[in-house]
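Note that the chains take the letters A, B, C and D in the order they are written out, and that residue 1 is the start of every chain.
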Amino acid sequence: MIIDKSEIIENIQIADGIWQMVFKSSGIADRYLGAGQFVSILVDDNWEHPIRRPMSIADVKDNKVSIIYKVFGSVTQSLTQLKSEDYIDVLGPLGNTFNVDYNLIYPILIGGGIGLSPILNLSKSLAQKGIGVTTIIGAKTSNEHFLQHNPNNNMFLCTDDGTVGINGTVIEALNIVLKDIKNPKIFACGPEPMLFSIQKMLDKKSIPGQFSVESCMACGMGICQGCAIPNNNNGYHLVCKAGPVFETNEVRFD
Amino acid sequence: MIIDKSEIIENIQIADGIWQMVFKSSGIADRYLGAGQFVSILVDDNWEHPIRRPMSIADVKDNKVSIIYKVFGSVTQSLTQLKSEDYIDVLGPLGNTFNVDYNLIYPILIGGGIGLSPILNLSKSLAQKGIGVTTIIGAKTSNEHFLQHNPNNNMFLCTDDGTVGINGTVIEALNIVLKDIKNPKIFACGPEPMLFSIQKMLDKKSIPGQFSVESCMACGMGICQGCAIPNNNNGYHLVCKAGPVFETNEVRFD
Amino acid sequence: MRLDLTDLTCKIGSVKFKNPVFTASGTFSYGNDLPEFVDISMLGAIITKSITYELRVGNPPPRIVETPSGMLNSIGLANIGVNNFIKDIIPLYKNIDTKIIVNIAGSTNDEYIKVLKDIESVSSDIVGYEINISCPNVEHGGMELGVDAKLSNKLITELRKQTEKLLIVKLTPNVTDISKIAEAVEEAGADAISAINTVIGMGIDIVKRKPTIYKTYAGLSGPAIKPIALAMVHKISKTVSIPIIGIGGIVNGENVVEFLLAGASAIQIGTANFRNPNVGEIIVDELNQYLKENEILHYSELIGKLNLYE
Amino acid sequence: MRLDLTDLTCKIGSVKFKNPVFTASGTFSYGNDLPEFVDISMLGAIITKSITYELRVGNPPPRIVETPSGMLNSIGLANIGVNNFIKDIIPLYKNIDTKIIVNIAGSTNDEYIKVLKDIESVSSDIVGYEINISCPNVEHGGMELGVDAKLSNKLITELRKQTEKLLIVKLTPNVTDISKIAEAVEEAGADAISAINTVIGMGIDIVKRKPTIYKTYAGLSGPAIKPIALAMVHKISKTVSIPIIGIGGIVNGENVVEFLLAGASAIQIGTANFRNPNVGEIIVDELNQYLKENEILHYSELIGKLNLYE
């Protein structure tokens, strides 16, 4: 883990309100362990926003690190103002990685909303190893999608309003996909309600899975104890340190 | 007085740490009354700095308004980042003007530090009316000057370190200049210690004058009562409303 | 579906206001002398700067300074005094299309009573009083009256006898338990509570090695104190049943909704006026917009509608 | 002229520290498990997170949220408990090249005493204790002990009997008059005072219509509270003669100078660690730089050297 003033190589809008930023950081690239890990960024020296913003790593190529972000509030808004050759203050890599025991299972990857970033990363890295996967990406509407719905290639998009891909949530898509698959294991990242629904479904069908979860973070490195998420033992995990990836039965959303 | 989102036409460094910004605002230009008035600017929507920053008007030409500013702290620092075609939120024009009864007196203009902005403005507007004036501009060192020392043209620069013009403060320059002048009246703007010294000198020699003074302002329009400066009646003037220009004997610096 | 009609009318005691967006004392003069671009008829009410018995010239400068997301001020209750207020300002209120509430301050109980009585004695369009109990009180060793429940109760009991108009008490946040003070002034007959006044703070100029404000200690306001104000409004709302007017760091319509949810029935805008004195009108618009988007007919449906976790 | 040698050595009670830059409780774990780029040997001291008798899992999420120039937290004193602390953490301090101060919290006087006694009973490299009296106390109806001068005095008197090590008391700012509490703990034998702990605040999520923090009320920290902290440190310094450790919104070397001028003998960095846990080292550098540029040999020449206007 380091703090790096990283030069921005690219910062472009790729879908409605969704941006991709690529920055140079050999320090972070060298320490990177795999999909699931994240960085935490500081847009400027402004203390109106004292806290860094965590962003999943979407890709690492040589010394280039990518993130994909959605414009939510003021910090992600000012992030869009940065241009190539500007510098950004990045802490990372943080957290753990998905752990795909691919000999034993068939990976189904599910990304919803801004949760697609680690999922795309995982999908790409498994593809590079020649491992077959099925990927489901959910969004509210087609404008938020920047990928192609391609069932033949095991890439399923779905939208709440049916404007592209399957009409419905990722749960509906998952139900369709599951029909043809033996020994599935789910790898998912997305909003809490989505993960909660998936968790209930997997539980019922006794399908294993891993979630990359979110939580409000102040430090991202285990020193503030802010990022707690309930475990199944009347206690809490620290998402930034024990996570963000957990086995689906290790976390509680209720 | 209006609040205007004004388009920036130019924003350039003109001397060491000194910048000039020109922006378009017919609203402010139309309401502008003369040298001495100021605007109050907001660099962005950031609430880390809740308060606008007052800046003297250095020039108004058609619908173009200029300010000259020195980089002090974070707000003036971020001001330098703005480029032409960016927008800036400006409140103005604010305050009163110098009042040069030029039939009766010979105007000597003195600007020190960031106080040179209204003085250059006054000098220019008197020159346009064909009125002869002598101007003295002080700075710590030559790097902060962007004008030419030109005694033949009644333009005197002075520096604390003697690197350009007269070696010494504006008081020394004033003493030299005063020798040849009948019915002088002083028009000055600059740091408080400078104005205080000039005030004591004028008082001793019974020379009249007007000062444009500074004070910490929250509103710039008479509603916060923050910008008080002692009057000579055990009370206070509001600099933003009764000023910033006062007769030299109307204000107290002790 | 989006509502076309929303209702911002607001009632405090028996007084009706156009909307719950008021301007805070000391940040909007006496409601006069504002820039021409400010349309005060858009505001629910204007609270005047604090009026004392004698005129006060205020404190020596520096009186104000910026802090992170806030500002410190120590104006020293500079105001024209009750006589000039009655003579020069009250007549202007005939032509003003919003409600006026007079904020009163004093160094002794007697001073508060005299100011209020003098204003009561003339016919006027004023709808009520806001009592600023955060002033140093000479009868109690310079201590702020507003930190003591008994003293606050006593003052408000006396003032209540003098007027049938709206009597609002503005509380100081610089106390261990603001609920106690709130209870005491409710018991004394206050119609409503304003909260909060500024938080005691200090700034230091390391170059001059002096405080940034002449009087050393000063009042902190602005977005920095919004979390403090929300906590206090919420606590007070759990204690008293009279309406609360929320104050502290409000700069936009969303902030208003926060205060309503915390339990405020109306709000006041302070520091934000200095940036744009027309912010009140903008906030009224934003609030209307919010109600429409969330299909809320009357803004009061939001008051206190917070779902606690536990 | 510029000084080449400056002196940051700091003494509180009989303990010498490398410099007056400490890290605040709850913002630097137990001084272990920090990122490898953090050089803790640059720090004057580390204050551990609050240790209680039993381990505590802490509060349900959300526990933290950002506010303008600040943050709210309600971690709920999550910590491993004194036994695990003694077993797993204290042995690590042998190899740590900075001083360690253990912060202690409890729900009853007895709990504080038990924790302190247990740590005293093992030989260790700990130089002292910081007593967090801002916790809800079950013996006093859930009220924070630290808002009551008598109760604070009683607790510190008892703890003083148990140790000769540095005994520092960390005060809560949520009181009417912090000087009273400061006097009471000085009288009880405290070696120093830390001020301030977080200010009570609240945030509201208008979409969820819920508090932004599970426990409704939470602690405000960061630059937003710096003016409040400076005022309190200054007030305390006018009242007691034991050293004060200033805390609240410090993010750089200039902020440290402000606290020194206000009367602090050392400072702690809290929230700023979350942005960069190495900020302590940077601040030590900045402080050194400041001393050089201002030709100050020993930093203590700045302590309390504020020129008031009146």
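Observations on the model:
Definition applied: a residue touches a chain if its C-beta (ideal position, glycine included) is under 8 Å from a C-beta of that chain, and two chains touch if they have at least 3 such contacts.
In this text the structure is predicted, and so the values were computed from the model without any measurement.
Common partners of chain A and chain D, by the touch rule above, are B, C.
The most distant chain from chain B, with centres taken as the mean of CA atoms, is A.
For the pair chain B and chain C, the distance between C-alpha centroids works out to 36 Å.
One finds 46 Å separating the Cα centroids of chain B and chain D. Separating the CA-averaged centres of chain A and chain B is a span of 54 Å.
Residues of chain D in contact with at least two other chains: 60, 68-70, 222-223.
Shared contact sites, meaning residues of chain A that touch two or more other chains, fall at 47-48. Shown here, the protein chains touch in all possible pairs.
Chain contact summary for the complex, chain A toward chain C: residues 47-48. Of all residues in chain D, only 26-29, 33-37, 49, 57-66, 68-71, 73, 75, 78, 222-223, 251, 271-278 touch chain A in the complex they form.
Chain D contributes residues 68-69 to its touches with chain B in the complex.
Partner chain C is touched in their complex by these residues of chain D: 60, 67-70, 72, 147, 174-177, 199-204, 206, 208-211, 214-218, 220, 222-228, 230-231, 234, 249, 254, 257-258, 261-262, 305-310.
Listed in rising order, the residues of chain A touching chain D in the complex are 1-3, 42, 47-52, 91, 215-219, 221-230, 234-236.
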